[in-house]
Each structure stands twice: as structure tokens, then as C-alpha cells.
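Read through the structure below, which is laid out as C-alpha cells, and then see the notes.
Note that the chains take the letters A, B and C in the order they are written out, and that residue 1 is the start of every chain.
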Amino acid sequence: MEKIKKFRFSLNGIVLTAAFLGIVLIGTVVNENFLTMKNILSIFQQMSEMGIMALGLTIVIITGGNDLASGTTMGLCAVVSGLCLTSGMPIPLALLISLAAAVACGCLNASLVALIGIPPMIATLGTQMFFYGAALVLSKGNSISNIPREFYFLGQDKLAGLPLQAVILILLTIVLAVILKKKVFGKHLFAIGNNIKASAYSGIRTVKVLFLAYITCSVLCCIAGNIQVSRVATARADMGYSFLMPCISAVVLGGTSIDGGIGGVGGTVVGVLIFAMISNIMNLAGISSFWQQLATGSILVLVVVFNKITENSKLHLKKMAGKKAASE
Amino acid sequence: MRKGIVWLLVMGMCAGLLSGCGKGDSSNEAAANTDAQVSENQGNDSGAAKDSGGYTIALIPQQVGIPYFETSGTWGQKAAEDLGCEVIYTGPTTGDAASQANIVQDMITKGVDCIAISPLDASAIEPVLEQAKEAGILVVTWDSDVNNTDLREVYVNCCSEQVLGEHLMERFANYMGGKGDYAIITSVLTAQNCSAWAKYATEYQEANYPDMNRVAYEPCDDDQSKAYSITQNLMTAYPELKGVLGVTTPAPPAAAQAVGEAGKNGEVIVTGVVEASAAKSYLEDGSMQEANIWHPGKLGYLAVYTAKTLLDGGKIEDGQDVPEVGVVEVKDDQIIMTELLDITTENVDEFDF
Amino acid sequence: MKKLLERRETSVFLILVALCIGLTIYSPTFLSYTNIKNVLVSNTAMGIMAAGMTFVLITAGIDVSVASQMMFSATWLALLAETPLGNPVTIVLAALLIGLVTGAVNGALISKFDIHPIIITLGTNSIYRGIILVFTNGRWLMNLPKWFTGFSSTVFGIPLPVVYALLIFLISAYILKHTYFGRSIYAMGGNREAARYAGVNLKKTVFLTYTYTGVLCGAAGLVLDSILGNCQPSGSNGWEMNVIAAAVIGGTNILGGYGTIGGTVIGVLMMGVIENGLVVAHVPTYWQKLVYGLIIIVTVTIDVLRKKKADSRKQMIEID
């Protein structure tokens, strides 16, 4: 059984890599500017926010949950920090307050899911509207501009030639990958995703782990929100609202099981990268955005189906081989 | 194994990036980039002289899939054919300000000659427009403007938010007889231009029509079926409701539909921003009184025409007669199209949008 | 009687009644014929889709493409109505056929490859929406012919869309309760393995479930078009979440195995009344989304806590 699981992992990796390379190839053929350093950097800049949010979703989805409120958490945190910044607060304080808002969001999600026991999809659907409403009430629907220039560093500056937010994305990916692979907390996340009852019986404090998972997700959304505020020098309540579905798709594309228990952050980043490249290529080629919707949907279905077909056929071959060996 | 591949990829990209940066650092990357951009532009210019203007102009609306902007896009393409340049019409599919910024960034990478944009958010687009300016790309705004007007060359304006807001209210109040309860339906609460129109309309009413009273201000999320049920709900919630002003294109037809079904034609006034084609049947059956709008197609045409003229090193003069568009007014760095159109049953057939 | 009180739908029904009473006290117009008619009619499309969603959720599946499927059908119907082929008979047939195709594609992909339905429907959600947007270029299809809007006229004071919805609810409830297909759905959602051993053809059941949902979405597209008199291909974005919420509020277990059409109807009414009530009760615009979210959270919380209590009581009895 263990072997088969490992096998599946690598298979998904191969399919994903093939899709990735295929898209890079198409991009290179379509537009000569695609593989320039400048464009690669701007893809990185554009995907970072979605990437960071998708990392958070990966953590929650691994526990067998889901956070439909992640997009609006991002908007709420963006508005909170926007309001703080424009009121003249020092930047660290503003970031801290928006972080506190994120922790509160995460706690609310986690209490509904872990303490009361509402299915995550439904609990976070309710909080999704609640957070969006809160952001609207706070901002009165206005976009908050006049963000102080000192704050632009987060989304517009470069570190060693890389956009700062890409550095943050890479660092967060590494940290989370290590946590998932090596740390007890990571093992617990997977255990809960596989079987929450068994985990509880085996002494895992499921409530605490779930709280940490949802808070992590909200905090990552908060980071993404602040990066976007800095990148576009504006805070709006609807920030991140349209990120939710692409993020879930990217997590799934990256090989994380929507039922929980299987997955990782590396695949998620590649999934987000694939979506970012698709829209970049289509923009470079001057193709209508409507086709982008069609293309992302098709790629999701194709990759997942292809994955399954190859897996099934390999399994079949293995079975055949096993039978042969048995008969011999 | 999978992890291995993923990491390999990430590492590979990082390595590529770092090596690229190394090169950039040694020869001052930013300057090199700008130089490359400029020389490319010059290349385009010299090419332009040969095949009479092979400019590429990105015409970016606030959102694709809205009839208003689709009309602008169609006319923009028409202008491209007439003037012999290439127009790329593309924009975000949702009202997401950040994704519009991404599109602008991709257009800079593509190396277009001009970015003509209708910003979704007057400030959120500024950082990328700065990048465009640094890259030597001509920036023109149309339909709505940015806060920092240094970032763009000119603003191709239909009329200011204030003028439209006040005009909307003036026409609306005219049908209301200057008194009674009314409601405004907007798109989403975060849409800047619709909010501004509603704000100026309300302020104008407060100053000039003291007997009118705004009882509600509701968003319809640019969804017709939602605008329809909101109008129904408003009529229930405020039995004295005498008028609905729609400041987003899906709202007036849906409001008229609801008013017509309630048998309140003429009792509840419906006017607002909407295209002639969408308003036609409601104007004719009496459930909508008037549509106030400018010609979105001509606006798109004018934006492309202006971009081409500026790229050629020319200038639009005050009182110039622009083909297909008509006489335009130039005020400082604004090019103002024509007066607003008031569309009623009498003249609805004259319009083709 | 006691059984009725113990049912999951009951608590939601009581909250709904309380909400309606509160609203009526606040604003008597809430209970007027016109308002009730408006709430019912504007939620028919939602209700029809929610009936399908109930089937899907009972199998422990999910379909996030319902809104796209509905608009897919609505758009092609509006286009068809403009051609010489357009007449009431062809439109009805086309609505069901288009829904059948979109639903069958979902069903086939999910059952053939045994992939989690949320993944497939996330993909087809973008695909269906993308196709109609690319094809129409986002153009709205205005001025549908009179015979088309006639589908939603009012006869003897009863709006026809409500009649269609009622018919669909009755048929769906019958299928769930009294057919082999319906029982397989419950069996599968309750315990997949057990159902398989009991001889239920899982693949076929899954395929039929999503196909049936597709057909209902097709019908919802027809109803939506006829109510509005025109079609906006980019419209009703995000309705899928409201549909899922309506079914779950109505007591359907999102993890499968439990759910009734009656409960879903209550859930749909609940959502409709909240939306209507926010305006009728003059809730300030910026607060509406917040209140809406809050009511959903509270309703679901009460429901879950009630169920927990009932379960623990059951366990006590067993111990006794």
C-alpha cells in the first residue's frame, strides 16, 4: 500500500512537470518576450499573492478541511491595514493589527469547525460573507488610497534582484514544506486529514492542531493581502475575492487530495505558477480573457484525468505482473 | 520523488533568476532594461515609417463582457483598421483591480507602444503605470482617470463624474417632478465610478430638490437578476417609492422589468446609465423613462485615435473634427468628447449601441 | 409528532418562521401578496438547482458548476429563441437536452475516472462559463420574444415559475423516496462500501445523479430567462455557493447520507427571506453582507448543536 502511494506521488509530479514544461514551450513559441528575465520576474510578482494564499489553503485542505473564507480574509486584512496605515500609524503597528485581525478570523473559522463541528465548507461559507461584510462596513465600500510610500517596499521592492514578495513566497514554501515533512505538527495535520477520529484516539489534540491550521491559513491570507495593498498602493474590500476558486484549483492541480491526508506545498506553488503563466501567455498573445477561463478549466480537468488514466493503467499492469508472478 | 522534481524546478528557476540578476547587476539592470525598451521603440518607429504606422495599442477596459466596454472595444478595433495600427482589446473578467494591474504589466512586457486604459481603481493602477512610463510607453486614460495625472499623457473624457452624476439627477428629478422617495442601484459597493456618480447625484439632489428623499442605496453586483429582485424588494420595503435611478448598466433594464410587472409604469420612474439597445423595449413599453449615456463606441474610437496621433508626434486641437466621432473639446490635458445623450422613445432608434 | 420535532429540518423551519414573524412585525408589507410572490418567483431558479444539489450532496458529492450550467443553458436558449427554430416546444426540449449534456459530461468524468467531484466541477465550471462568454463575447441577449417570457406569466394569481418549481420538487422527492435510484443514492452516501456490497452500481448512480442535476440546471436556465426577459451570460456568478448553502441549511448532510427535498425547500426559502428581509427591514447597505453571513453561521450552528445533543441522547439510550 505504502508503495502505491509513493508511486502516485511521483506520477503526479511527472504529469505536472510535463504540463509545466509544455506551457513554457508554448509561451516561448507564442511570444519572444516570454522567457525574458523581466517577464519571469513579473510573473513571480503577480503570482506571489495567490501563491501565498494557496499555501495556506493547502495546509487546511490537508486536514480534510477547506477555507472558503480565505479570499475575503485577505480583503478584510487588506482593509484593516489600509485604514491603519492611512491613519498615520507606524507600519509595524499597522501590520500587527492586521495580523491580529487575521488571527481572529482564523480562530472564528476554527471554532466553528473544530469546536462546534460544522462541516468546514459550510462554516467558512458563512464566515466568507461575514468577513466580506466586515470589510465593506470598515471601508464603506471605498478604495483606500494614499498608502504611505514607505509601505511600498513589501510589494514593489526587490531583494537581490527578486521581487520581495517572491522571496517571501519561496521562504514560506520552504518553511511550510519542512514543517509538513519533518515536524510533529505536520505529521498531525496529515493524520487528521486521514482519519480525525483515529488521530484523536491516538492522543493528537485535534482541536489545537485544527486551530493552528486555520490560523496559519488566515495569517498567510493576511500576508498576501498586505503584499497586494503595497503592490497596488490601495486597499479594497474586494481584494482576493476572485482568488478563491483559482487557488483551490491550484492546490488540487498540485496534487493535494481534496479529501485531505495527502499533499504538499511544492505542488501547490507549481499549480499557481501554471495558472499565472497561462494568463501571462494569453495576455502577451493578446487573447481575450474569456479564453483564459476556458483554458484554466480545461487544463485542470485534463491534468487530473490524465493523471488518473496513467495511474489506473500502471496499477493494471502491476496487477497483471503480480498475477503472472503468482501463476509462475 | 515528486518532491524531488518540484524542488529541482524551483531550484532551476532560482538559479536562472540569480544568474540573470548577476548579469543585470554588473551592467546596471534597470538602465539596460530601459535602454532596450527605448531602442525597441525606436525600432518600431523606424518600422512605422516604412509600413505607415505599425503601432500596437493596448485598449484596456475596466472589465470585459460588459456591453458598454464591448462596444468601446469594437469601435476601437474599427479605429485600428481605419488608422492602420494594431489594437489589443483585453481586460479583467471580474472587477478585480489587481488583475487589471497584472494585465498592464503583461502589456509592458509585450512591448506595446501605447497603453490606453480605463482604470478600475484610480489609485491601484498607478504603480504599474509608473512602470509603463519608465519603459517609455505612452499612457492614455479613457472613460475614467487616475489620481496622479502625471502618469498619463492625456485623459480622453466623456464627461467628469460630477457632470454625469448631476446630469443623471437632473433628468431623473425632472421625471419625478422634483419630489418623492427614490432609490439608487449601483453595481458593487467597491466600484469607484458608480459610487462617485451616485454620490454626486445625491449631493445635487440635496442641494436642488429638497422634496426628494433618497431612501435606499443598494448594490446589484452587476447581476441583472439581482437588480430585478432588489427593485421588487425596494418597492415592498418603501411603498411610497417613486423612482429608481440605476447608475450601472444592468440596473435600469432590470428595474424597469420589475416595475412593469408590478403594473407601476410611470408611477415608479426608472432612468439611469444604460445602452440604447438594452433600454429600447423598456422605453417603448413605458416602464423606463429615459437612458442617459454617451456613445461608448465613439469613446473607444477617440481613445485609439488620440493614441495614434500622439504616437505620430501630433496633437489633438481644441475644436478638431475627429472622423467618426465629431468635434472634440480640449481642456488642458483632457480631451472631452461630446455632450451626453438623453435617449427616449423618440430617438432610441437613432443609436446603434 | 415527536419524530417531527426530532428532524433536522424542524429547527431551520422554526428559525424561518421566527424570521418571518419578526419581519412582519417590523414591516407589515412583508406579508403582502406581492412580496410573497416576489420572494417565491425570484428564488425559483435557485430552488430548482438546489433540488439537484440535494441529490448530489446525499451521495457525498458536490457540484460547484450548477450556476455555470444554468447560464450555459440560458444563453443557448436565448440564442435559439432568436432563430426561426425558436418556439415553446423546441425551447423546452432544448433546455432539458442542454442540461442533460452538461450534466452527463460532469457525471461521465466523475464516474468514469473516479475523481473527486469538486475537482471535476471546478474545471467544468470554468469551461461552461468560458464557452458561452467566448461565443457571445459577453454580449447580453436582449428582448426575448413574448412567447418566451410567457413561460413565467401569472395564471389565477399563481405565478407559473412557482408551479414548475413545485412540480420539480414533487418529482425529485418521489425519485428520492420511492425509486431504486433514490434508495441507491442514500445507500451510497451513507456507506459507499456497504452499498457496493449490497449490489448498488455506484458508477451508474453517480452518473445519473449528476445528469439529473444537469437537467434541472437546464430547466432553471429556462425559468431564469423567462422571468428576466433577457440573458446576461456573465450573470449569476457565485450562485453555486448559495445553492449549496440552501441545501445544507435545509438539513442535507454535506458529508452524504442524509437530506430531503422538503428540507431543501425550507433552506431556499430561508435564503430568499433573508435577502428580501435585509432590504425590507431597512438594514443599512454596508451591513447587509455581514448580517447575511451571521444568520447563516447562527442557523448552521444551532442545527449542528441540536444534532449533537440528539446523538448524545441516542447514545445514552443505547447504554441504558
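One rule holds in what follows: a contact is a pair of C-beta atoms (placed from the backbone, for glycine too) under 8 Å apart; a residue touches a chain by one contact, two chains touch by 3 or more.
Remember, it's a predicted structure, so these values are computed and weren't measured experimentally.
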{"item": "Most widely separated chain from subunit B, with each centre as the mean of CA atoms", "value": "C"}
{"item": "Comparison of A-C and A-B by number of C-beta pairs in contact, larger one", "value": "A-B"}
{"item": "Averaged-CA centre spacing for the pair subunit C and subunit B, given as whole angstrom", "value": "35"}
{"item": "Distance between the centres, which are taken as Cα means, of subunit C and subunit A, whole angstrom", "value": "29"}
{"item": "Chain centre separation in whole Å, for subunit B relative to subunit A (CA means)", "value": "31"}
{"item": "Numbers and ranges of subunit B residues touching at least 2 other chains", "value": "64-65, 93-94, 189, 219"}
{"item": "In subunit C, residues with contacts to at least two other chains", "value": "133, 137-138, 286"}
{"item": "Residues of subunit A engaged with two or more neighbouring chains", "value": "136, 140-141, 288, 290, 292-293"}
{"item": "Touching residues on subunit C, where the partner in the complex is subunit B", "value": "27, 29-30, 32, 34-35, 38, 42, 45, 133, 137-140, 142-143, 224, 227-230, 232-237, 275-276, 279-282, 285-286"}
{"item": "Partner subunit B, residues of subunit A touching it in the complex", "value": "6, 9-14, 16-17, 20, 31, 33, 36-42, 44-46, 49, 136, 139-143, 145-146, 152, 155-156, 160-162, 170, 173, 177, 181, 228, 231-234, 236-239, 241-242, 255, 264, 266-267, 269-270, 279-280, 283-284, 286-290, 292-293"}
{"item": "Contact footprint of subunit C on subunit B as seen in their complex", "value": "64-67, 70, 93-94, 189, 216-219, 221-225, 228-230, 232-237, 239, 250, 253-254, 257, 262, 277-278, 280-281"}
{"item": "Residues of subunit A that touch subunit C when the two form their complex", "value": "68, 112, 116-119, 121-123, 125-134, 136-137, 140-141, 245, 248-249, 252, 257-259, 288, 290-298, 300-301, 304-305, 308-309, 312"}
{"item": "Of all residues in subunit C, those that touch subunit A in their complex", "value": "62, 109, 113-116, 118-120, 122-127, 129-131, 133-134, 137-138, 241, 244-245, 248, 254-255, 286-294, 296-297, 300-301, 304-305, 308"}
